[in-house]
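Remarks on the structure that follows.
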Amino acid sequence: MTSSVKAVEALGITKRFGPTTALNGAGIAITEGETHALVGRNGAGKSTLVSILTGLQRPDEGEVRFAGQPAPSLADRDAWRQRVACVYQKSTIIPTLSVAENLFLNRQTERGRISWRSLRTRARQLLEQYGVDVDAETMAGDLGVEQRQLLEIARALSFGARFIILDEPTAQLDGPAIQRLFDRMRSLREQGVTMMFISHHLEEVYEICQSVSVFRDARHIVTATVGELPHNQLVDAMTGEATAAYEYRTRTAAPSAPVVLAAKALTLAGRYEDVDLSVRAGEIVGLAGSGSSGKVGLAETLVGLHRADAGTVTVNGTDIKQGDVPSALRAGLGFVPQDRHHQGFVPLLSIAENATIPIAHKLGSYGVVSPARRREHGARMIDLLDIKTTGPDQPVADLSGGNAQKVVLARALADDPNALVVINPTAGVDVKAKHSLLGAVEDAADRGAGAVLVSDELDDLRICDRVLVMFHGRIVKDVPRGWTDNELVAAMEGIDHS
Amino acid sequence: GSSEPTTAAQPSGDASAAPAAPAGGKVGIDFPRTDSDFWNSYNKYVPQMAAELGVDLMPPTNSQNDVAKLVANTQALTGQGAKVIVMAPQDTGAIASTLQTLEGKNIPVVTVDTRPDKGKVYMVVRADNKAYGTQACEFLGEKLGGKGKVVQLMGALSSINGRDRAEAFRGCMKDKFPGITVFEEPTEWEGTKAASMLQTRLEQHPDIKGVYMHAGGVHLAPTLQVLKAKGLIVPPEDPKHVFVVSNDGIPQEFEAIRKGEIDATVSQPADLYAKYALFYAKAAAEGKTFQPGPTDHDSTIIQLPNGLEDQLPAPLVTKENVDDQALWGNQVK
Amino acid sequence: MTTTKTPPPVLAAPQGRRIQLGRFRDLTLVPVIVVLLIAGSFVDPIFLTPGNLTNVLQQQSALALVVLAEALILIAGKFDLSLESTVGMAPAVGVMLVIPVAAGGFGLELPGILAIPLCLLVGGLVGAFNGFLILRFQLSAFIVTLAMMIVVHGLQLGLTQGKSLFELPESFLYLGSANWLGLPAAIWITGVLFAVAIVALGYFRGGRSLYAIGGNADAARAAGIRVERVVWVVFVIGGIVAALAGVLETGRLGGISANQGVGWIFMAFAAAVIGGVSMDGGKGTILGALTGVLVIGLVENILTLKGVPGEWKQLVYGSIILVALMISRLAGGKAQD
Amino acid sequence: MTTTKTPPPVLAAPQGRRIQLGRFRDLTLVPVIVVLLIAGSFVDPIFLTPGNLTNVLQQQSALALVVLAEALILIAGKFDLSLESTVGMAPAVGVMLVIPVAAGGFGLELPGILAIPLCLLVGGLVGAFNGFLILRFQLSAFIVTLAMMIVVHGLQLGLTQGKSLFELPESFLYLGSANWLGLPAAIWITGVLFAVAIVALGYFRGGRSLYAIGGNADAARAAGIRVERVVWVVFVIGGIVAALAGVLETGRLGGISANQGVGWIFMAFAAAVIGGVSMDGGKGTILGALTGVLVIGLVENILTLKGVPGEWKQLVYGSIILVALMISRLAGGKAQD
């Protein structure tokens, strides 16, 4: 802590949402020009602080100051936007508008008539500048998750504000995209821009930030420079207890173990071609690849979300009907979809109900669903996956991002599946939760399930017995356990096809 | 009822202003709608006539042209102690079981304007809607000399009155004036539809020479506006003149007849409807009975399978008799 | 309407007490009903008598069934405006298949006892056709059923030539006019169907899946719910229930007018929505919808008893609905949608 | 992690075609209009004459304005059902403030020239009140405006005692009945307002903010759009435009009946939605809504020219709308919502 000028200060902030206290006298102070990390477990109150620091919500108690001056009134949005720009955790892209218009929302022009031509030009320049390869005229709703995320980032950076908040910007990005973002952040810092960076990838904190604040249970725990707080201490501060690093287990799936999930000559035009895959009981198979390699499309076909143009999918020895999720689930499959908001949960329904939709038929006879048994199952899942909630009856809409993700995994595990297809299970999930999520997948494998794990995170892929690398829609490599980061990344980038 | 003196007519709508302890008992009345000029006049006349006739009238209910509401209102009125019910079911099929219920409770029913197809009624008070159509047809047929084209702006086909007028007009034209072509426009009693349809038809057949409107209240202004835009509002002597016959007898129609904008209207007697509805209601409450045959007020009572009907006169009003003070349209302000 | 839901905003206004009150959200109209009962008893002593309250229930029973059908469809995230036309058309066609030409029939003169099953079948077919257009052609439910509302009513007008049917088989009138154990059969039937729906949507897999579909159809699909099939079934059930509403209404009125059901859909929406069912799908309960119907029925009854002059009645009626809305909003404590 | 920078591959083909069609999405009804024009010319040679087409435009001009108002409100993600009642009530009140008691007025007898401004003011006030209830009390727009639809029409009924107003100031009738340069003034006015709206929503920040708000209100708020204020202004504009529609309609019909505007809102929704405006907000264009109005107007005109018997007219009408919907769906290539 060298300079004493604080670009932003939040003092004694308390914010309650009914029974939940999201922030309890917490605060943060960020020195001008530094990149400051805010870390904490899911539900620690990070995003709530962000919405208070950007003037979207009024704290119940406490105050916010920018460069020593009190924050403007909530109604004065323009004043806020001059002081702070933000990439929110929840999408603020408007799906029905074009990319260009989303970039310049409410500032399409200074005054008078909008010139769409010049707006497009400005948008193209901006996209180019941040290395986002999308057409400025595309409807934002047609973009994938990652491209949308890049759009959010480009927009926030483009304001030229001197203080920028990035709330989990990397959760949906793959390696090269993250590196491009970091390059950008570094050059902004050289220009003296202050940043607050939120991430559950602690190695990113060490890579890009100078200091870090830790929140736990709605309170501020510690602030330090990254040098003073090594990785294990940081994790301990977050969890409030000594936490060991995750231990990857070793398994040896017997070659005689039955094949629980198999694909033969599977082809879906434009996404992947001629894929063969087989997963044995007790085996975890990773599926890796850079953006648009087709890994998600493949995984989604396995669970019946797409109908392949050619080929077959077998679960537990039964040929499943393509394009029909129920038949895959009935054959004994569990599924964690890519985008939890889109396909993962029904926000207004309770945790227990979301977690038990696929097994509703088992919670009673003659189509009856017993609320008591549902709650019981929900409570068990809350314990198992360590979900931070007021109880199994809480609507998933009220949960923090990581906890919502755990509910989605709970749903996949509900039926004690023989085969699991898991896509990006740890996106936006805190360290400890990540451990329990990965642990749950490994537990399932230990119980004899076979799993396909699709992920952009090398850490996740470490639990796999082997990793299939996809490139341009084909499986190009089968990497056994024991790979190094460079090896795998090289394969994913198509540098090494041997 | 209250103990107000009966001398002063109380048009204020305070319908409980009836004579103390009248013979027979309370009369419940349901108004069919409040959105047409004809029925509004009727609604106005009712409390006035009740005071004149000394009828113990309950606060009127309103069924807004909805037979289901009418049924509910009837239940409420009987619940509140009505001994006689006056109603004007705009839909005559769906009132049957209500009439049966009322018959079971010995509550006589007087219906106004429409004749229920089924179910006992004490008296139907109405003018003959078929006669309206026939009168209009005869007037137009003669004026056009039995040839040419006319437009019939019809009411809703789901209403008995609309259907009666349409059928009578159509049938009469076919029988008596086969040389006249009739265009039928289903306007659903809506002015905006009437205007559009008439305008389109005049574009298609500029030689249309006659119009029969089923309801002056909704059709008069739009028709005049369309004719005006086409420059067709000219004296009857002019060969471009379009003969217009209306139906209802509201003051605005009389005004138009005086100005020569339209040629005739069938005066549907709102005042007589109100007067005789209450007259028969009172008689029913007092236990009187009637026989088919001519009455003392220029009308005839006829026998129906399910009751009696007093067919009130519905005069055709033209330039000759438009200033007749006996017409109800000349009495309202 | 929507299939993909934008996640609810983190940024929204205080949502605090939601969880506790949420459980009672379907009962936010109860204070309104209490106020109405008290107000009504002041308006007229007859109001609180069993006879009058029975009348209210009987008068509302057909509308209540339409509200039930609409609530099911709304919870599943769709719309059906054509229900109101089914209320008139299904009974008309059912009856015309059995009555002689002289009474307005088609001349088939099927056995009279078939009239009700045929009527329900017609209702189900309308629902099935709606579902087919919406799901297979991916058309907007609002606009398909708006067009179907006109088509179905137009069919009735065309077939009946706009005339009322009143020579109906006794069996057809029975349900709407009989009394069972001192109460109109219509009340029993409506009550039982509501009870069935409340239980089904609360405790049965099929019923719960409506909430999942209405709340997030993609998530429901990924969780193995056959979204299209369920929605289709809901449309069919909606049509059948609306046809049954038509049977009850016909029995109560003793005839089928060309306008039977016309204009009901607005009231049905009003009842469902003030009862807490969301137009966005996935939210609300059948019990809540029932309270909505009761409010509307009580308001109408009180206005009738009070004898509000016809020309002011609509104004008073609309204002009371507006006030009821606010009371329920304040009692519920949550923004509506 | 490696720093190799392979740019992500360009978008896959299927997305490409979508973008192009998206641009013409507001014109998916054009094939329908072409079909109708051809069909109409077979039905009657008069159909394609300038006189007849002018009539169609004039007949639709008032409805078109209501569609315009509704489209603005829908794009901003809200609803307004009360517009139809404003079409009748605003002119009635405006006129009653200037005409003598004998003609049905209040007796204030303000200068006749004020009738139109007063009428627009009344319309704006209704919109403002709607906005106030919806935004301040966070009530559902659907249900508030449904109640307001009843209230506003009830107010007209009450004030006029259900009577039609016939004796109107000439100045009030002028706009709806005059001809400018050989075309009815109503067509000019409607045309200009549509042009203004198309430009405003296409090229001005205020207009674009409607799309942002309808698409994702929280995101719009985060981008500094004053969501509440904009929505409120849209409601006020909607009310004013509906009142102007009432002025044009009054001029065309020469009087204000108690039912002026009743039932229009369904047609307005139908026109807007088949024209591509989404009920979910944020989607659709004013030009698209205009094509929707034209389709409805042409269908009505053809049916009148053809002289379809009254009892079958509704069926034919509804069926044509349904077919138009499918054609536009196939031409647009995208699922509706």
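Labels A, B, C and D are assigned to the chains in the order they are written; within every chain, residues are numbered from 1.
Keep in mind that, in the parts below, contacts are C-beta pairs under 8 Å (C-beta built on N, C-alpha and C of every residue); 3 or more make two chains touch, one makes a residue touch a chain.
Keep in mind that what you see is a predicted model, and the values were worked out from it rather than measured.
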By count of C-beta pairs in contact, the leading pair of chains: C-D
Centre-of-Cα separation between chain B and chain A, whole angstrom: 72
Chain A-chain C separation of Cα centroids, rounded to whole Å: 42
Between chain D and chain B, distance of the C-alpha-averaged centres to the nearest whole Å: 35
Cα-centroid distance, chain C relative to chain D, in whole angstrom: 28
Chain C: positions in contact with at least two other chains: 9, 11, 157, 161-162, 310-311, 313-314
Sequence positions of chain B contacting 2 or more other chains: 33-34, 40, 43, 157
Numbers and ranges of chain A residues touching at least 2 other chains: 56, 90-91
Category of the chain touch graph - line, ring, star, complete, other: other
Touch list for chain B against partner chain C, complex: 13, 31, 33-34, 40, 43, 58-62, 64, 66-69, 71-73, 75-76, 79-80, 91-100, 117-119, 156-158, 163
Of all residues in chain C, those that touch chain D in their complex: 1-3, 6, 9, 11-13, 133, 137-140, 142-144, 146-155, 157-158, 160-162, 266, 269-270, 273-274, 278-279, 310-319, 321-322, 325-326, 329, 335-337
Complex interface listing, chain C residues touching chain B: 44, 46, 49, 51-52, 55, 59, 62, 157, 161-167, 173, 177, 249-260, 263, 300-301, 304-307, 309-311, 313-314
Residues of chain A that touch chain D when the two form their complex: 54, 56, 77-78, 80-81, 86, 88, 90-97, 101, 105-109, 112-114, 116, 131, 133-135, 137-139, 142, 175-180, 270-271, 290-292, 458, 472, 485-486, 489-490, 493-495
Interfacial residue positions of chain A with respect to chain C in the complex: 16-19, 47-48, 51, 56-57, 89-91, 303, 305, 325-326, 328-330, 335, 337, 341-349, 353, 357-358, 360-361, 364, 367-371, 390, 393-395, 397-398, 411
